[in-house]
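Chain lettering (A, B, C and D) follows the sequence in which the chains are written, and residue indices restart at 1 in each chain.
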Amino acid sequence: MVDLKVKVHNLEFKNPITLASGTCGFAREMADFFDPAIVGGFFLKGSTLKNRDGNEYPRMAETPSGMLNAVGLQNKGIDYFIENIYPEIKDYDTQLIINVNGSTVEDYIALTEKVNELDKIRGIELNISCPNVKEGGMAFGVSCPGAEMVTREVRKVYDKTLIVKLSPNVTDISEIARAVEGQGADAVSLVNTFLGMAIDAETRKPKLSTITGGLSGPAIKPIALRMVWQVANAVKIPVVGMGGIMNAADAIEFMLAGASVVQIGTAVFKDPTLPVQIINELEDYMLRHKVQSVNDLIGELQI
Amino acid sequence: MVDLKVKVHNLEFKNPITLASGTCGFAREMADFFDPAIVGGFFLKGSTLKNRDGNEYPRMAETPSGMLNAVGLQNKGIDYFIENIYPEIKDYDTQLIINVNGSTVEDYIALTEKVNELDKIRGIELNISCPNVKEGGMAFGVSCPGAEMVTREVRKVYDKTLIVKLSPNVTDISEIARAVEGQGADAVSLVNTFLGMAIDAETRKPKLSTITGGLSGPAIKPIALRMVWQVANAVKIPVVGMGGIMNAADAIEFMLAGASVVQIGTAVFKDPTLPVQIINELEDYMLRHKVQSVNDLIGELQI
Amino acid sequence: MRKFKRMAKKFVADFVVVDNKPLNATNFLIKARSNSVLPTILPGQFVNVEINDAKEIFLRRPFSVFEVDYNQNTISMIVKILGRGSKKLTEIEAGCNISLVYPLGKSFTYPAATDKVLLIGGGSGVAPMLFLAKESGLDKTQVDILLGARTKEDHIDVESYSKYANLHYATEDGSLGEKGFVTQHSVFVNDLNKYDKIYACGPDGMMRAIAKVAKAADVFCEVSLENLMACGFGVCLCCIEPTNKGNLCVCTDGPVFNINELKW
Amino acid sequence: MRKFKRMAKKFVADFVVVDNKPLNATNFLIKARSNSVLPTILPGQFVNVEINDAKEIFLRRPFSVFEVDYNQNTISMIVKILGRGSKKLTEIEAGCNISLVYPLGKSFTYPAATDKVLLIGGGSGVAPMLFLAKESGLDKTQVDILLGARTKEDHIDVESYSKYANLHYATEDGSLGEKGFVTQHSVFVNDLNKYDKIYACGPDGMMRAIAKVAKAADVFCEVSLENLMACGFGVCLCCIEPTNKGNLCVCTDGPVFNINELKW
């Protein structure tokens, strides 16, 4: 038997295969397909303080080996989550991490304080990298001062595991990672989507209502992998890696590059049972390669 | 008949379909497949002052809808070009633009001065965005001061058309575009490749000798298109667009986003005659949409 | 091997294509068999289909269920060639595997035993309407089906459904049935109030036109909406439709909506 | 329509697959016909093949030419299943289109009329060796072919070539011909100096082993190299091999190199 357990700060994951925020709903939707206890954890859909309708239709466009989305953080607000969703999912035997989003630092703080009360949510993923909202979102995540400020203020009110989710739309992502590490982040997760665009040549119009949107899927994998590797070499805190993971080999590559835990995002749209398959294949790989613990894969790129 | 002619500063292109630097050799190689006079122009392989051996093998890795390369500007140096290659290609009835690369500003200046003497090279593409060299290259292209400095110094010694090729590996590409515009660039071209990485999960080694390399191909198209659109909205000088163009629809999308001329790069590896097909399909599109001149497509995105 | 403990409400599985036959120039009937027993699948629900071996097609494509055979474990769908994915799908050969996510979405509200109903289908929207006609349990006298298409050639042959319903046709060029849009057809124009329920599936424009008249006439009316979907099971929030309850997902809160919910 | 004025040295065209037959468990012979007259194609040259309908395969795959029939306008190649692209290629059916870029690379230097030659092929490296044996114009007595493989099953049947050359086999398990690597085979170990020219194609390790001995024995020796290629026609500079003249492209300066040029 191989040992799949891995820790990110205080958070114990039964295995390193988790689901990315915005692509696994509030975990319930995935429970229609598989037992949530199988996977390492769920990074729940991005929540905001108040209800958000999100952007107008159309919100997505298919691209070569990927897709653009312009959802814009549609959600019913944190109170709705606490009252209506949390009770239903809180006893899932897996890690539930909430993805929090604000337009202002005050939003982030208020949200975090509410989330702090939830027993079964042992960590937050601070999203300072959403490219699909007009205010806040990525604006914080693309500069060191912005990223530092949000991290510092949230850190003051939160003492469970704080994971800061980084934007790839920057010149030097390891600089931002170091900045949030300096402000007390317990881990970083990367990457969020790349700002992209699609046009319909026939109608000469943008394909998304918002003109630009976030690119995800295998298309971005080479860039995401490079960033995980750079960041893992730049910080001491654990790295949660994602971006285009479609199979166990991809997941292993991210771990070799330095990710302790990986998130499966867009791939579940193609196959919602994929995370389960990846766990099985990861076990097979470890048996075949005589790797005892997943910890022996993390950052073990041979160069 | 439709009018395909388009101008970038003083450079007249008989049509907007050109070939990207590093993917069309020195045009001769493409002449094995089609008459070079058919296309708008060739952006010749990146040249340096002295001979460069480039990076070690392996230099490429296939990725979903794209590829990574780590060529590292292998070329025999500008003198070899002037003596042995230029005479052979100088009478091609099309625009020949040379792509110049330096490790230092002095390199760029020396190179430009030599190129200035070549009658049939009416423009240079200043590559400040190569991700595959240890010194110079992208280092200049990812900060405004760096980009400004090279542009300013080269501008002093060059009065034909100066196109500056931008790196997409930045937080705000329109800022860099404005910076080089401010220093007298006649046009900008974008995007160069994205810094990416590939790992072989079985051997646990990087797939490239240099660990990281440049990502190109359709995978990057949505990001490249977004950047062209942002830059076209930020500067007054013409924009030369590229990144994953595989067919006429892609080329048209870049023009709608604001590119006056487009470059076909990686796609020619799949089909070296593609630029010719794209010109034909562009004509068809214009006839079908009753577009008289390509100039009526440039920047004509309907929003 | 980790055991896959199914939570058993939705599934992903490879089916084997047992039949793929052209219904006319652009519509194909594809029937696929599962190895496992099928869950209940109702009219209006859909499946999300992976397109095999197609370069540059990344996501699945949604198609309404047209027929379910619980003895044979087969699901059928009518696929109209629209773009690259549907084209490729219609080229699949019997014997090939095809991956489906199923069953997805909410079904139409079943009519009451005494209801008189009008089913309106346009384009590939016929599929769920025929499915509903068959499954409704109503007598043929209670069910009218109105099908709209551009020309006679665009209609697919549904004569076998005349045992479940009275068939009416509208074509834009008058080559079959009455000339004009479905909303100009006599059963729609004259007799709307004799129906207890109207169900419709088809292009957006048609749905809106029907909804407008039905709303004015205050008749119960459900429409099935098409929409760009990334996941099909409610996690991506790409497939929204603005409603009285805010933006709802067409894939889970729909694709069937009561017109009174919609902001049309 | 703009006229496509061919510069006529290299081509991109759709061929029709006329035959695809398994030679053993992992090797297939694929023959494809062109609509146009073929240019001269020589042993050692290769074609770059587009893999149809394969998700996640972006670039073409290079394969050596095994046979050319100028009457039928066909090119044949031997494809060994290595990874995803070659696997997919071996599944192509007769009648399908396949796009080739051709002819690519430099051929082997033809032997002089009086030369005695040894051709050594390993794995899929047999293809150009058999092509060369046939095209060399030499008498059978002048040509020895030595083929290496892991086991008898890995060898493909090349008996028909015994009219052009004397066939010798090496297998690692001794199940066909002599046991061991080609470089341990008696024709190689004992008789190297009786050959005027040695030609080899196969895995990198085999090429290096042969080159080492040939160099020591000071015999003329050309080897064909395999390498990761993006373009196949000399523009990407990905396929380099360090040589006395610097980094050369395997696709245009090779794939055939004289061992004295190489930095081995």
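By definition in this document, contacts are C-beta pairs under 8 Å (C-beta built on N, C-alpha and C of every residue); 3 or more make two chains touch, one makes a residue touch a chain.
In this text, all values refer to a predicted model and were calculated from it rather than measured experimentally.
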item: Both-way neighbours, i.e. chains that touch subunit C and touch subunit A; value: none
item: Subunit C reached from subunit B - shortest hop count over touching chains; value: 2
item: Most distant chain from subunit A, judged by the mean position of its C-alpha atoms; value: D
item: Chain pair with the higher count of C-beta pairs in contact (C-D, B-D); value: B-D
item: CA centroid of subunit A to CA centroid of subunit B, Å; value: 34
item: Separation of subunit B from subunit D, taking each centre as the mean of its C-alpha atoms, in whole Å; value: 35
item: Centre-of-Cα separation between subunit D and subunit C, whole angstrom; value: 54
item: For subunit A paired with subunit D, centre-to-centre distance based on mean C-alpha positions, whole Å; value: 48
item: Residues of subunit A whose C-beta touches two or more other chains; value: 63-66, 217-218
item: Where subunit D touches two or more other chains, by residue; value: 56
item: Chain contact graph, described as a line, ring, star, complete graph or other shape; value: ring
item: Listing of all chain pairs that touch each other, if any do; value: A-B, A-C, B-D, C-D
item: Residue ranges of subunit B in contact with subunit A within the complex; value: 63-66, 68, 142-143, 169-172, 194-199, 201, 203-206, 211-212, 215, 217-223, 225-226, 229, 244, 246, 248-250, 252-253, 256-257, 285, 300-303
item: Touch list for subunit C against partner subunit D, complex; value: 53-55
item: Footprint of subunit D on subunit B - complex, ascending; value: 22-25, 29-35, 38, 45, 51, 53-54, 57-67, 69, 71, 74, 217, 266, 268-273, 276, 279-280, 283
item: Subunit B partner contacts - residues on subunit D that touch it in the complex; value: 1-2, 4-7, 9-12, 50, 56-60, 99, 101, 227-242, 246-247, 252
